[in-house]
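Sharing a structure here in structure tokens format.
Which chain is which? They are A, B and C, in the order written, and residues in each are numbered from 1.
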Amino acid sequence: MPTSSHALEAINVSRKYTRRDGSQIHALTDVNISIQEGEFVCIVGPSGCGKSTLLQLCAGLDSPTHGSIRTKGTPVSGPGPDRGVVFQKDSVFPWMSVLHNVEYGLRCRGVSATEREKVAKHYLHRVGLTDVVNAWPRELSGGMLKRVAIASVFANGSDVLLLDEPFGALDYVTRHKIHDVLLELWNESDRAKRTVLFVTHDVDEALTLADRILVMRGGKVVDNLRIEHQRPRNDEALAEPSMIAIKLTLLEHLGIGHAHRFLEGVKQ
Amino acid sequence: MTLLARARNRDRLVAISVFMALILGWQLLSYAFPQEIVPGVPMVPGWQIVFTTTLKSLSLYWPGGWGFGSVAAGEEQSYFYAFLAIVYHSGATFLRLSVGFICGGLVGLILGLAISWSPWGRRLVNLPIQFMRVLPLLALIPLFQIWFGLSFVGEATFVAYAVGAIVFAAVVNAVGNVQLVFIENARTFGANRWYLYRTVILPAILPEMEAAVLLALGASWGAVLGAEFLGAQSGLGYILVFSRDYGYLDRMFLIALLVVLYATFSYWLAMTVFARINRWNKVAR
Amino acid sequence: MFGISKERRLDHAGLTTRVIQPIRKILLRMRFDPLSIAGLILMIGGWFALLPVTPRSALPTPWGVMDAIVQKFWFHKTFAFYGLIDTGFFSALVYTTQNVLIAVLVGGAIGIVTGLIAARSSLVRAALDPIVLTLGTIPIIIAAPFLLLWLGGNRASAICTVGFYVAVILYTYAQRAVDNLNPTYEAAARTFGASRRSVLYDVLLPGTLPEILGGIRIALAGAWGLEAIVELLASQRRIGKLIRSITTASDIESLFAALLLLALTAAVFDAIVAVLFARITRWRLRPESN
């Protein structure tokens, strides 16, 4: 079987749903994407464009009506530790302590107690939660719980990370901080960079994080924008003309029409 | 004292006074209704009678053994024999109750988890569960009587059925209420089905199971007494029905007090156990 | 697995799209669940399956039970022989049903009203809660013999006994419903300038209605059992005595018949109440689950 270097690809993927009254919903139509190892790709699009559906398919929590999803050349047939997921809703198990939550994936795979405690504590330290290692999830704030979820996924050693609008419920400041946490973890020096697929409706978030932005609309991929800028991208960086151009392109895709006129002016 | 604390104190005072009023009210009623159904036994026995004559009369139910003779065989009625009688019969009831409760609970739990394995399973048992829900429990006693006759197995099985039906229905319902995001999350970590059950489903259903266990506990007390009513030779229900057939309302009352005490204690015990297990629960009280 | 809808389960052979989905479309139009019916059929099938391995004295045949139902429904000489007032299942059932419905209506009304008041007045709450929590938790099997001996084993005392327990259940339900109601609704109403009366009628009553109606349904289901106990214990009449006489005669077919009819009646009323209440509260929000 030919192995490809693509960490994640979708080949002619379609996903249809049937409503109660028999009519069809075309969530995805002939979507083709390919993501290289180590890339940080954001999917941006309005509500209902199918971006979350695509992520669910990549995670293996759902299967396409047509086409296939492959990771490193092999088709995806279900969820698994090679593709870690950070969910939109609170997924941290409330009946386990923070430490046990982060250890969970390692426990599933039979890693020894001492080893997994070491790994878990390491990642909890890197997300800044050393103080609450033995706390119950109910004692933590929303932002802290998201950090636990991120630590869990990184601790499990997944090569591919799938994030489904994970920071939507967080306030502006917390979101800024957690972007830094995520990028820092992603930029680990002691191993190959992981592949990240990040779904969001927040244009600024995508511009801060991504190497590449895929734009989706009506179940199709309509644009593929590369961002060359160096990270970390602070507010000054986001204000540069090249970034503004990309942002306006995105806004136009999202249907915020009056940006069109600005775009004409900037392009000159 | 803060306004809140003062209000709480007032409420506590009212609660205590209501309690005292109930006790006092009973005593007043006993003076108001001195009629007797059976000579020497008033319809509403006052507390002074309940804790002396009635208590002593319970020694009649001590069947003898453990080195002590029985009243029927000629021994004198006394508090000591009454105590032995209470211990003996309470023990008989407890045994039936606990064996039935544990067996029924385990079977209900295992069957419930097994059926919930697939979503089809849950829809399949939906109607049978509804049917069991409306079938009055204690109306089934005669049926169990025909099936098992008067035996420990029959009584314990009846309790087990009562507990099992409740636990089964509750488990099926609770598994259906587990949030999808937890299940998906565990699967993305690579948990297989068994591990998923152990680490996600079971802990997640515990809060809901507390209500069901308390309900089952109440039902099991009713069930064990009901089963004893219909022909057991020992146990608190036996004393109750024996006294009733002869009109000894005072003995019935004393046994009733005892049962209420035991039942309340068992509720408290169950709630304490669950409080410990559910330390993690989000619901703040 | 675990109720993830069929759409989301893995589908390798395209079976879902080609076979199951079209069938589902048709069945959804018919608005009932084939699996539930299958469950019922399985239960009945289980009865048949057990027949060859159980003695007839323990498990009667379905047609034997049907026979007993048909024969003894209106009038049967054996019941007259037992000296029962009811000479057939029907009249006994009617009596029991009437008792249950009256007890639920009256006891329920008392329980709901006191519960609502207690939720908003801590004084009433402090006075009633201890009574409810002590007397209300006495298992009916303990209290019933007393109440029946004190009040006489007639119809009124039976209704009062069952009614008391129904009131206790609904008192708790009503209180909890008011406590659980999102306080934002009441606050919003006040900002619109609503009077206390309007808050009660337009916010509290409709807002707590779903939970209270649910409580009524549960109380009704329980009331059948409570009534059965009361009749079993004390009655000189009706289904209770009926069942006792049948048991003495070891007539298992009639016993099954009696129990089945009782369960069926309870189920029918439960279904009626469920549909009625669902229609009344068509607007209610449903919580998310898997």
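The rule is short, and it goes like this: a contact is a pair of C-beta atoms (placed from the backbone, for glycine too) under 8 Å apart; a residue touches a chain by one contact, two chains touch by 3 or more.
Since the model is a prediction, treat every value here as computed from it, not as a measurement.
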| item | value |
| --- | --- |
| Remotest chain, subunit A as reference, centres from CA atoms | B |
| Contact-richer chain pair [B-C vs A-B] | B-C |
| Mean-CA-position distance for subunit C and subunit A (Å) | 49 |
| Geometric centre distance via CA averages, subunit C-subunit B, whole Å | 21 |
| CA centroid of subunit A to CA centroid of subunit B, Å | 52 |
| Multi-chain contact residues (two or more partners), subunit B | 179 |
| For subunit A, residues that touch 2 or more chains besides their own | 61, 78 |
| For subunit C, residues that touch 2 or more chains besides their own | none |
| Touch list for subunit A against partner subunit B, complex | 59-61, 78-81, 83-85, 87, 89-91, 93-96, 104-105, 107-109, 136-138, 152, 156 |
| Residue ranges of subunit B touching subunit C (in the complex, touch as defined) | 7, 10-12, 14-15, 18-19, 22, 37, 43-44, 116-120, 122-128, 130-131, 133-143, 145-147, 175-180, 183, 193, 201, 218, 221-222, 225-226, 229, 240, 244, 249, 252-253, 256, 259-260, 263-264, 267 |
| Complex contact set, residues of subunit C against subunit B | 1-4, 33, 35-40, 42-43, 57-58, 122-123, 125-127, 129-131, 134-135, 137-143, 145-146, 149-150, 221, 224-225, 227-229, 232-233, 243-244, 246-247, 250, 252, 255-256, 259, 262-263, 266-267, 270, 288-290 |
| Touching residues (chain side subunit B, partner subunit A) in the complex | 179, 181-182, 184-192, 195, 199-200, 203-204, 206, 279-282, 284 |
